[in-house]
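In the two complexes that follow, chain A is the common piece, with chain B as its partner first and chain C second.
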Partner chain A sequence: MSLFTEFPKMGRTDLRDFKKGIDESFRDFTFNYGEAIETFFDPLLFFLVWLEKLFLNTPWPIIIVIIAVLVYFGSRSIKLTIGAVLAFLVIGYLDMWDDTMATLAIISVATIVCISVGIPIGILMARSERTQTLITPILDVMQTIPSFVYLIPVVMLLGIGKVPGLLAVCIYAIPPIVRLTNLGIRLVDKDVMEASEAFGASYRQKLLGVQIPLALPNIFAGVNQTIMMALSMVVIASMIGVKGLGVPVLRAISNQYLALGVMNGLAIVVLAILFDRVSQKIGKRLQAHTESTK
Partner chain B sequence: MMSDVKVAIKNLYKIFGNNPSTMIDKVKDGISKSDLLENHGHVLGLDDVNLEVKESQLQVVMGLSGSGKSTLIRHINRLIEPTLGEILVDGDDILSMSVSELREFRRRKASMVFQTFGLLPHRKVIENISYGLTIQGVTKQEAFERSAQWIESVGLNGFENHYPAQLSGGMQQRVGLARALATDADILLMDEAFSALDPLIRSDMQDVLLALQHKLHKTIIFITHDLDEALKLGDNIAILRDGAVIQSGSAEDIILKPADDYVTDFIKDINKARVLKVSAVMANTDTIMGPEIQETTIIEDALQTVSKSGSNGAIVMKNGEKVGTVSLTDMILAIARSSKNTDSDTVYR
Partner chain C sequence: MNRLITSMFLAMATIFLASAAFADGHDTCGDITIAEMDWASAELIANIDKIILEEGYGCSVELIPGATMTTFASMDTKGEPDVAPELWANAVQTPLAKAEDEGRLFMLNGAPITGAGEGWMITSKTAEANGLKTLDDVLARPDLFPHPEDPSKGGIVTCPSGWGCQIATNQLFKAFDMEAKGWMLIDSGSSAGLNGSIEKAVTRDESWFGYYWGPTVLASSAGLTLLDMGAFSGNDNWDNCVMDPECQDPEPTGWVVSEVTSVVAANFIENGPKAGKAYIENRSFPAAVMSEMLMYMNSNQASGEDAAYEFLAKHPDLWTTWVTPEAASLIKEAL
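Our next item is the complex of A and B:
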């Protein structure tokens, strides 16, 4: 009878031993390989620190000029450029300059990592059905699992610091670029692919000459999404020692500092909007050939 | 005569489905297309196709949708693998080619024009036309130089730097045609190349193709569902139905001696006056007096000439000599004939 009223459970001690077993084996793994893995990520750490220092040590007027130039050439919009300059002036005036630069550095590095890892994975996925069925569930897990859950093993493995923070950001932010690269390549017009095939194009010629260029708008949408998701991870990453706008937000949460939280939160929003507008404009320009001038 | 056969297709079968090779015997035993689909879940694409395309000829393959014509043309450059059969181009077996040999074949020997154009939307007209050349590994500059003459000959002057989306359908297909010609391949595969164009443009493009062929003498395999187009273009026409060739011959053969009711149905609405030449209805009687016309004049033009002159027929000439006569009534009879067996073939020789 009790079978119907009570769910058949694993024994209490068994369950405890089971969990303990997993924890201990992972701890052993960390003990044995943690250092090696840390060394593996050293170049990344070096690059991140270098970029952060570069952003922080460059005089602010130069940074603002560079941002204005980049925004203008990305968007070709005077309005957006003026908006960006004003936003950064306000950010500096409200004493958030250093944190903003630190965030900018980690977002830039995370985006570079995501693009250079994500696009090749997306290409592989588009190439075969099997890799697609293999990788899709992994991406689903990466996107849906609560960030705190994978922070545990990451911190166990690499401790607290910039690299684990960067890793956490990348785990969360990489799925869109992978998915949209895959999708973009798969959506390339079959007739165009057939024509390319009929003219004797090799796999490489098809990939570089037809698939990637035609998938670019989608790939760019992926880059845009990746940047947005990386920005949204800033606060969580600061929990494990990443400097930036997330730190004051965390402080504001634990001390109920309303103004501090809102200000830094809005600074993240400003960065997000700028990245989004500029990258969307670039994406649109990539599709210029689809518009007829007649 | 074997030597001038450019493309030979021998006993070609294509069955679509999960396990085509197990179905081949059933198909050889003559199972019907619908039976194969309903009871065995396989689709019969091509059924024992034999076709010889002679060098420098324009071979038309005609059939309605689902007849397997697009499947057939894709076998020639092996975009589709056959279930069984042989395809020889210049005596070389296409099916035994390795991946790199096949690539080389597609790059240099046979180029293709598509119904949906298949242009690269992100490349300009000149880049599209030189696409085949860049695939061959020709430098960009040389490819552009060699493509320039084709821009001229298909009438795209001034459009070099446009993107395909900025051109009309007819202009886009000119790009497609120039792209195929630019590789200097001997064989041109045209898959319903003009079917997506509206009638006037289509007629224009047919003229462009005929004019080019007059100069270039390529071996062209042209797929169409339009009989008028087939009759206008084809040196030889093969009619495909349910994956099998049911008749193959010249335009006149098909009109005057349709192989079965299916073909008869096909040619029912055709303007025969525009296809048949006076030689097809020529006789030799002394009672006919009238203007002199060439043997190759189509009946439509001959009727004009004869009725203007008010005579009862015309004298047929070839190389400046009289070879026979043609009467007004015979010509009218020829274009009015609508069913297969009304007259004996002797009248029309």
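Our next item is the complex of A and C:
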């Protein structure tokens, strides 16, 4: 009868040994390979530190001019450019400049890493059904697993600091770019593909000349989503020692400093809106271009 | 129809009587909320309090997850939760003193854990191998604790963001003039980050230098030794400068003596069981027992609740002295 009232479960000691076994083998793994893995990521750490120092040591007017120029060439909108400059002036005035620059540095690197890893994976997924069925569940895990579940092993492997923070951000932020690259390529018209084949296009020509250009609006939507999700991970990344706007947010959370939390939270929102508007405008222009050639 | 209503009344009355009779067996107590802070020893004490107050004194206890600052703020402003079993009072000294003066909060127990301490610690192996005993010894050797982002400097791991000890660590960093001595701060971000960094250093046989506290699982299992930071230079320097991030010239000082306390809200004093109050006043865990329990929690991956039952089963000699004999027999029955 007890079989029905109580779920048949693993014995207490067995379960404990099972969990301990996993923990022990992970410890052995960190002991044996941790250093090698850390060395592998050293160039990335060097780049992150260098970029943060560059952002922090460049005089603020130059940074603001660069941002204005980038925003203008991205969006071709005077309104947005003025908005961006004003937003950064307010951020600086409210003493959040250094944290914002640190956040900007890690988000830029995270975006670059995600794009350069994500787009090739998306292309692979689009080329083969098998890769797609293999990678899709991995992406599901990456997007839904609570971040501290993988943060703890990452910290044990790489310590606290920028690199584990970057990994945490990328694990969460990479799925949209992969998914949308895959989708974009799959959505390319079959007739167009047939036509390009008929003209004797090679595999490479088909991919670079037809599929990717036609998939660009979707890919750009993926880049946009990736940046947004990277920004939403800023606070989590700060929990493992990444400098930036997340640190004051954490301080505000544990001390109920309302204003500090809201100000730094809004600074993250400002960054997000800027990235979003600019990348959306670029995406739209790409779309307009493909529409005009039709 | 009438019959149905009568029988329903009868049924309800029976239930009522039955529950009243059940409640009669215990001292009346009512609902109590206990803060379960997010570190192991506090989890353990909260769960032991829950079992003892429920089984021994007939309370109905709800555990509320919390952290030092958030829980204290809630107790201070709203009187909820009723009990903070392990509150590190240094972090909230001024507002706690004010709340005590105004009769909103009461410090029932000045030492729920005896022999607790906090401060800057290093891995014992590093200490022994290089003969490091005092903070000055360590500060002279930044090369032994390379900073991950700039190996030419030494790194000290700070306290999680928002904890009182983060301010103290940052201010003492200034006080000991550590920047000039070739040191940089390493932000730990959260307690998980801080623990992870120690865990990593220990599994990889690396050196570690930073803020930690004991008795804790990690401090014992990682073998951290508390550094001698010199004499305590007085409350004025500590309260007004070391704990104030705006203060520009903190003086070097040893870490303030940690006051671990059990604090309760006025509601608990007024409406809680008298005997329960006496229990909270009496209970005190020697550091050795606490270390042992924490190691048990760690090696068995036990939750605070599991460990509480283990403690009650293993150390009746200790806890029976904290409670009334009637409560002791009731608790023993329940185990």
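Heads up, the rule we're going with is that the second predicted complex is superposed on the first by the 289 of 294 C-alpha atoms of A that agree within 3 Å, B and C clash if a C-alpha of one lies under 4 Å from a C-alpha of the other, contacts with A are read in each partner's own complex, and residues count from 1 in each chain.
We take it that a contact is a pair of C-beta atoms (placed from the backbone, for glycine too) under 8 Å apart; a residue touches a chain by one contact, two chains touch by 3 or more.
Everything numeric here is computed off the predicted structure, so don't read it as measured data.
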{"item": "Touching partner for A:Arg27 - first (chain B), second (chain C), both, neither", "value": "second"}
{"item": "Which superposed partner A:Pro213 touches (first chain B, second chain C, both, neither)", "value": "first"}
{"item": "Partner chain in contact with A:Ile253 - chain B first, chain C second, else both or neither", "value": "second"}
{"item": "Touching partner for A:Gly241 - first (chain B), second (chain C), both, neither", "value": "second"}
{"item": "Partner chain(s) touched by A:Ala195 [first = chain B, second = chain C, both, neither]", "value": "first"}
{"item": "Comparing the two partners chain B and chain C, which touches a greater set of residues in chain A", "value": "C"}
{"item": "Which of chain B and chain C A:Val149 touches, first, second, both or neither", "value": "neither"}
{"item": "Partner chain in contact with A:Ala36 - chain B first, chain C second, else both or neither", "value": "neither"}
{"item": "Touching partner for A:Gly161 - first (chain B), second (chain C), both, neither", "value": "second"}
{"item": "Residues of chain B touching chain A in the complex", "value": "77, 79, 102-108, 111-112, 114, 116-123, 131-132, 134-136, 163, 165-166, 179, 183, 189"}
{"item": "Residues of chain A that touch chain B when the two form their complex", "value": "189, 191-192, 194-202, 205, 209-210, 213-214, 289-294"}
{"item": "Contact footprint of chain C on chain A as seen in their complex", "value": "16, 19-20, 27, 30-31, 34-35, 45, 49, 148, 151-152, 155-162, 238-243, 246-248, 250-256"}
{"item": "Contact footprint of chain A on chain C as seen in their complex", "value": "67-70, 73, 148-150, 157, 160-163, 166, 186-190, 192-194, 196-197, 199-201, 203-205, 299-301"}
